[in-house]
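These are the structures in question, set out in turn.
Shared between the two complexes below is chain A, which pairs with chain B and chain C, respectively.
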Partner chain A sequence: MCLRCLELTRRSLLVGGGAAAAALHTGVASARIRPADMVPLVGPGFKPTDEDEKGLWHDMDRVEDEIADSNLLITDPKITGYLRDMIGTVGGPAAKDFRIYLMRIPDFNAMMFPTGFAVVFSGLLLRMRNEAQLAGVIAHECGHFLRRHEIRSWRDQRRKTDLFSIGAMLAGIGGAGAGVYLGNYVQLAQLGTLLSLFKYSREMEAEADAMGAKLIAQAGYDPMEISTVWLQLIGEEQASAAYRGKHRQRGSLFDTHPSDDARMADLRADALELKVPGKVYNSYRERYLATIGPIRPTLLDDQVKLNDPGASEYLLQTLAQDGWNGLLRFYEGEVWRLRNRPAFHDEERAAQSYAAAVVYPDAPADAWRWHGIFLLKQGRTAEAKAALAKYLAMKPGAPDAPWVRQVIG
Partner chain B sequence: MRKSRVALALAAAVALGGCVQTRQFADVQFTPPQGDYRLLVLRPDVTVGALTTGGMVEPRAEWTEEARSNIIAALRAQQTSRGGKLTIVEHRNELPGVPEQELADVERLNFVVDESIVEHKYLGDYLPTKRGRGLDWTLGQDAVRLGQQSGYDYALFLHAEDQVASKGRIALGLVGLAGCIVGFCAPNIGGAEQLDYASLVDLKTGEVVWFNVVDAASQVPGIKFGDLRTPQGAAQMVERLLGRMKPGQGVRRQQAAR
Partner chain C sequence: MKRPTVIALAVACALGACSSIGGGEYGYSDYAPVNVRRVSVGDGSMSVVPPRPWNRRRDVLFDDVRAVEDWTLNGPLLDGITFISGLRSGHFMVRQSHRADQQVPKFRADMPPPEIAAMLESLYRVRGGAVDFQTLSIKPRPFLGANGFQFDYEHLDDDELWRKGRAVGAVIDGQLYLIMFDAARSHYYDAALPDFEAIVASARLRG
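Take a look at the complex of A and B:
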């Protein structure tokens, strides 16, 4: 139950027949689920009692061990404590039972496991512009647990595959008895079963969206912020695709999640429905930025090294909607410097970004370094030396310190 | 034994069924541990699930726990009879002198090395550079350090997964068998499968010295080749997997030359 994961296995499951599929179902979109209808199905301290659910939980213990010991884990106590507090605020009745792990993966994702532990990717923290957005994503994951999605979708899969197997067997025997070949219908039924599983999965995601919106509105966060998350994601995907000369992938019948566009629209409607007139909703931007501040350079660094300049530039522009600063300008320079295409004048663009970065008091030492190097290349030696001296002053133990000292003489 | 012989007979009778396959590889210089050796068994990975009518595997907590304790008991009995002293580590914090993270690192490394062994030794993607060199994989210094810190001679990694066909699956197989009357014969819809593998790492050299896989699969639901939930089934599995450890090629040649 992750926020927007791709399941590779589903491709292997598809054995053609898309046209026949379209005849079975019309369109990917389904009716919006109202937040008011989303009632938690588990209480505090929930433990499974059914055999199938107990089995599912048992398997997860080892998975959680593996995640808790992972070397991708970010263990900074301030940030992990912040995430724990947050899930404790928006987790509904199970708030005290949740565990949350932060992993250093520069990708937009978060997931909830059946036993109530959530994994958040560092790329998510980079993309969120305020606490309400992060709370929205975490509340969505809590929604999966509170609505018991893992076991419900497992039971749905089990029921549908059972029915399909029985049907296929009966069709084989009945067909043989009557002397007709029903194999084509069996294949069609297989596709129908598959599509119905994907549809169920999308319904679960829609439920979690509605439940999440409800949870954060109750906690006093602005529910409108979650739809902004999707707006940002759509923009990022478009920018990334446009840069690579491709089209952004739209929703299809085989999606496990509703399309980003549909989610944004539904969440906007949810937010309007949830907001109580007179109540104050906050987004807590300052608090959010102050908390993730120490790891933000790492997050940005991981992002620009993905070699996806379209997405990185879009992301920086999005974050800069709340105001440019030295850090964002520096990484803007990094995007162009690492792309390094003469036809697009990337070197000049990078030089401009570094020059802009050092104007801000929060410019990182490396901004001064690159600013200095580009000034050197432009032949502005005196200014370059001053910039490099500043770099050295900020980072006396830098690995290239001897070289810099030699250059500035 | 009688039960599986019946099963075999049954399988032969319908000319279908599955089989039990094992295939082991060893380092050229491998000699199976004998006498006074210290063996570390790292977090045996056991799962037992039910095979649903539709053919999906539903994990079962109680069955898994039964199987795990049976396997551990069988493993203990087997290794002790060979003179080995063994410790079974269930959690990463149980090994004195070894930090949890380091043990996790060794386990993760072993996991990918095992994957590579399966890829290049079992799935047909043979490497010309490793031809005639037996099992030529190593966990390197990480494993040597584990040996030094913990004082063990070998580490054993063990994975076992087993399935039990549900009533629905068996019934579906019977319907398929009944279909033979009208000419649609499908009793072999796929039954329960038991898959076990183990790797043995020499903690003095860090090398993976021995690897074995047992696959006991049946095409007909209801026919089983050993059930890990029973002490007998678990003992049978441990015997199939670890009972007949063969020495490496080089050692065998030397023995033959003598």
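Take a look at the complex of A and C:
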């Protein structure tokens, strides 16, 4: 259910001996599941009929109420409408039943709940390079619902463990009466952990991959983009961990998922199989950027200011594969400024990035601000004043205008 | 409890993101009263006079940065004042593992006010769980007889509450002196702002 849970699971396969151990325990991955075999098990307007599933839906409705009311929701109608249209396009037979919520959380994650509502974190929008990538993630999540993975894995877990009453756990998490805020980032992470209790088998993951690829190919998106998304996610996790000199080990479900290599190979094979000769497949990059563009500075800000230099730098380099611009150069400067390690000459690197950023016509006002501040620190007062004056000209109502005016004199 | 957990909780409290740990029912409180008289804060290099009694978090439980001290009136979820007394260049204002994925930057003596404000913003984002942070103003303001600054801001935290804050500070002889007020934006900020202003006006360096 939780995209990140799955990813963490697979990542841990990469690190050290766990991979060999997992391979021994689980054997060789089964044959690839063909997209053509993926038939939705849910039709339009699906409602549960079994008592246990009805109970689960009842609890989940309360969770959805909490999420729908959250302060952390991004409610910009242009972007939420865009997401709604997208899940309405790649959602298969249940397309009109899905709900989708965008939460302002700077994390690479998306999840589908058992009743057919999806939660997308704003950090996901930042990391997608085009519409096809986003469609791929959403379609993968829809695939879990359409193949009834949530209820199947939940029943399976209950049979095997009988450890928890889902109603009681959800009441603790979703119930406002219990005095717990669902909107809390930590709470949401816990919800993800809870949802991972209904963990997907490797077969379900493979099914969701195949189903997702099929759904986006039918909608005219290039299905090859899905494997690129997974590569970006793995790369960022590795970069963040490597920067801090450690391996990231989270979750312990590593033995249930296929290896990254096998999954990539399957996703590529799916894509090749799905493409109909003569049909045009598109990534819709321009349309994506036009929609996300207005909030991209905010999304970058939320990520970079967490001061996770490994992840942020990897992310900037990934986005810059489509071309550097003033916005990306500015945030590169922010990464070095916040890292601030003299041994790596971060002050100089930040100053260079700001100086490079302001050359681009799309440089944000803040690029001029920090360019000016760093010139000031270097003692280049006249140039600093000119840069800060440019900043004020671009942003006359800047909150730090009184300080800037004092400096400019 | 493991040490990093204690430290994380201490910082979280400083940012108004957790309720009291420990608790009075065990016969011990994390807080000690501060009366209306001149009191030393942080490492003792700065002193202030509160206009009414406040509560100081005891440092017994916490192995935190010596130059930093936290007060509250109604509990750390609702309001708090943090004092930074003479933080030296190259030091962190919070204790953190060098292997933490996300880190609050070090203070550097050559940071101008906007960069100190950005460091504080990182503190709220990295350690306080702020998902939205708005700078309201950065302007010059004398503090402790030096050319200081005032930084006003507000932030939406992961408990879905908007909080508002004001920091007044100055870099003196390469060290950061700062008093920072942070409270729930509705009611509590306005209710304790006069206290904060009185405390800032009363601040003196040990001399």
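Keep in mind that, in the parts below, the second predicted complex is superposed on the first by the 326 of 409 C-alpha atoms of A that agree within 3 Å, B and C clash if a C-alpha of one lies under 4 Å from a C-alpha of the other, contacts with A are read in each partner's own complex, and residues count from 1 in each chain.
Just so we're on the same page, a residue touches a chain if its C-beta (ideal position, glycine included) is under 8 Å from a C-beta of that chain, and two chains touch if they have at least 3 such contacts.
The model shown is predicted, which means the values in this text are computed figures rather than measured ones.
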First, second, both or neither for A:400, with chain B first and chain C second: second
Is A:71 in contact with chain B, with chain C, with both, or with neither (first, second, both, neither)? both
I'd like to know which partner A:105 touches here: chain B for first, chain C for second, both or neither. second
Intersection of chain A interface sets (partners chain B, chain C): 70-71
Where on chain B is chain A touching in the complex? 45, 47, 49, 52-56, 58-62, 64-65, 91-92, 100-101, 104-105, 168, 172, 175-176, 178-179, 182-184, 186, 189
Residues of chain A defined as touching chain C within the complex: 70-72, 104-106, 181, 183-186, 240-241, 244-246, 302, 305-308, 310-311, 337-340, 369, 373, 376-377, 399-400, 402-403, 406-407
Contacting residues of chain A [partner chain B, same complex]: 51-52, 54-59, 62, 65, 69-71, 154, 157-158, 160-166, 169-170, 172-173, 175-177
Over in the complex, which chain C residues touch chain A? Could you list them? 98-106, 108, 110, 112-115, 117-118, 121-122, 125-126, 129, 131-133, 135-140, 149, 152, 156, 158-160, 162
